[in-house]
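Here the structure comes first, spelled out in structure tokens, and everything after it is commentary.
By written order: A, B, C and D. Residues from 1 in each chain.
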Amino acid sequence: MNPPPPRAPDIRTERWFNTDRPIALEKLKGKVVLLHAFQMLCPACVAHGIPQAVRLHEMSRGSDLAVLGIHTVFEHHAAMTAVALEALLHEYRISFPVAVDQPSLDGPIPLTMAAYRMHGTPTTVVIDRDGRLVRHAFGVEDDLALGLLLGSLLSGPRDRGAAKDANARCTEAGCGMP
Amino acid sequence: MNPPPPRAPDIRTERWFNTDRPIALEKLKGKVVLLHAFQMLCPACVAHGIPQAVRLHEMSRGSDLAVLGIHTVFEHHAAMTAVALEALLHEYRISFPVAVDQPSLDGPIPLTMAAYRMHGTPTTVVIDRDGRLVRHAFGVEDDLALGLLLGSLLSGPRDRGAAKDANARCTEAGCGMP
Amino acid sequence: MNPPPPRAPDIRTERWFNTDRPIALEKLKGKVVLLHAFQMLCPACVAHGIPQAVRLHEMSRGSDLAVLGIHTVFEHHAAMTAVALEALLHEYRISFPVAVDQPSLDGPIPLTMAAYRMHGTPTTVVIDRDGRLVRHAFGVEDDLALGLLLGSLLSGPRDRGAAKDANARCTEAGCGMP
Amino acid sequence: MNPPPPRAPDIRTERWFNTDRPIALEKLKGKVVLLHAFQMLCPACVAHGIPQAVRLHEMSRGSDLAVLGIHTVFEHHAAMTAVALEALLHEYRISFPVAVDQPSLDGPIPLTMAAYRMHGTPTTVVIDRDGRLVRHAFGVEDDLALGLLLGSLLSGPRDRGAAKDANARCTEAGCGMP
């Protein structure tokens, strides 16, 4: 029997776009979360990751899926500023909430990126209704596989006690494979 | 409240490939079924529908998803013979069971295609664990949307009595939208 | 200095579609020829090679480019019959002349395919105004590279004596190689 | 008979990347020029135009094709700075010379963009060996059509007197228009 997935670390943010107030993962308990970590000058992010998140956001209106973005800048900091990010959100018609990852005082890697031990961008993070990290993957995510995983999580039971069992079923189904 | 989806009609087949014995939908109760209806000379089928079904079949090994194909020839009957279909299965590495739809004595539309009132090929049919038709769509299916729908159905309860409720939840989540 | 390219071998055909009379390469002297060799059940042919030839045919109306297809069946002969090919031409809206390669009495490889020593399908053959074989490649051809090569050949001098020099200039420019 | 194409206007630049000294179109007489006008936050530019220019640059090494980029920022000026552009050139591995269009004192449209009356980005400009503007198009360029046009220009005669005739032949062939 597999151990339950670990709890998703908090996200540490400097500021937010497309939302009136900061969003804490803790407040999203009961929902399934897709967190898309990107950099605006990362080719695979703008070609694949961002359009995928935008489409998921459109498809999931009215559902329990929360789509969030986080700008995890770890290089070219002078180029990827908040004002540049804001222009990107406009040009790519991104209307879901997007955070700027909290810069580190000690190096180029921002705090959320470090807490999640991300390997780069794009990184896709999926968190279940119980706040557990069920997927954490660097690179381009396959649409079919990501849909299978999110569909299974969205359809699972909503009360916390039953969630562990839902995950087990999902693992059994091999639904999250890339 | 929406009425429950209708029961999926039986499939009427002339012969099968990639299986030792004919498959009846009735025997697949308890599983989720993806039935891909195609013609071998239909451009969108070979470019999109068949590769999508092949990938779903690979991703879902060990799960409760049954992927089936049905060759619903309604034109160019002399070209799309069983021997030609067999060569196609080999060239496109299709290893899931594929049926030849039962020809009609009265016209060009074969019997399963008529029973499902398909508008053409490709047509994607999704049947839930309780044998109900939850999706029936002509044309290219979006990977993300199809994944969301199948994931939700696979993760739903397996006993027949509860299945109706699972579908309701899935509809609530808007999971099957193209 | 490179030797001039070899002369393109004759094509040997059993029958033709989309033309009233057989076409001999000899009669196309003065034109640039794109000869697309394919099999109807070859996935890369229907996904890439055939659509590329169709688009070239549309783009080059009124020019000196002759687009020809040849059905070089070397496997699944019972599946890829002339009647099946005719249906394919209809479904993929292929309106340029297409020949059926002449079957061999000695084995599965048809005669034109053997004369050109093709490695499989799709194979793209480009013949200059002087009847010389300037490209012969197995696999998917890059659109940009093929356009550069054909553009240079179409723009070159039309009299035979000067053709060799035109090729030299093109080779100098490295224009056709991805 | 068509009139000859107009002369390509000069480009007005603020600074250059990937070259030791500014490049004047006047100095490129005798070469064929592909000038790709883009903005770094323009989705179609990074998805299509820039990769196409990068591939043309790679394919045309050793030929008479000069590939140039120009960053024609007409919106989000605070986001698309020179330092941001420099990071983009690095991330997208752009090694051909790229200019920053000269800002206007009178409005958001920079000077080269205005001189060429561009409708937006991406814009593809093709200039023949004689300095004449033979293509000027807003939007995504088709690879095959662009290859045909450039191939024909590259293969044409190099002396100025003959160039007009080469263009005429190319126009006759309808080679560049999809």
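What we mean here is this: a residue touches a chain if its C-beta (ideal position, glycine included) is under 8 Å from a C-beta of that chain, and two chains touch if they have at least 3 such contacts.
Remember, predicted model here, so these are calculated numbers, not experimental data.
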**OP:** Going chain by chain, each one touching the next, work out the least steps from subunit A to subunit C.
**Re:** 2
Original post:
Looking at subunit A with subunit D, do both copies bring the same residues to the contact (over half shared) or different ones?
Top reply: same
**OP:** Specify the angle of rotation obtained when superposing subunit A on subunit B by their C-alpha atoms, rounded to a multiple of 5 degrees.
**Re:** 180
**OP:** Select, from C-D and B-C, the pair of chains that is joined by more C-beta pairs in contact.
**Re:** C-D
Original post:
In angstrom, rounded to a whole number, how far apart do the mean CA points of subunit C and subunit D lie?
Top reply: 32
Original post:
Hey, how far is the Cα centre of subunit B from the one of subunit C, in Å?
Top reply: 38
**OP:** Name the residues of subunit A that each touch 2 or more other chains.
**Re:** none
**OP:** Any two chains that touch count here, so list every such pair.
**Re:** A-B, A-D, B-C, C-D
**OP:** Provide the residue numbers of subunit D that touch subunit A in the complex, in ascending order.
**Re:** 40-43, 46-47, 75-76, 78-81, 83-84, 86-88, 90-92
**OP:** Under the touch definition given earlier, write down the residues of subunit D that touch subunit C in their complex.
**Re:** 52, 55-56, 59-65, 142-156, 166, 169-170, 172-175, 177-178
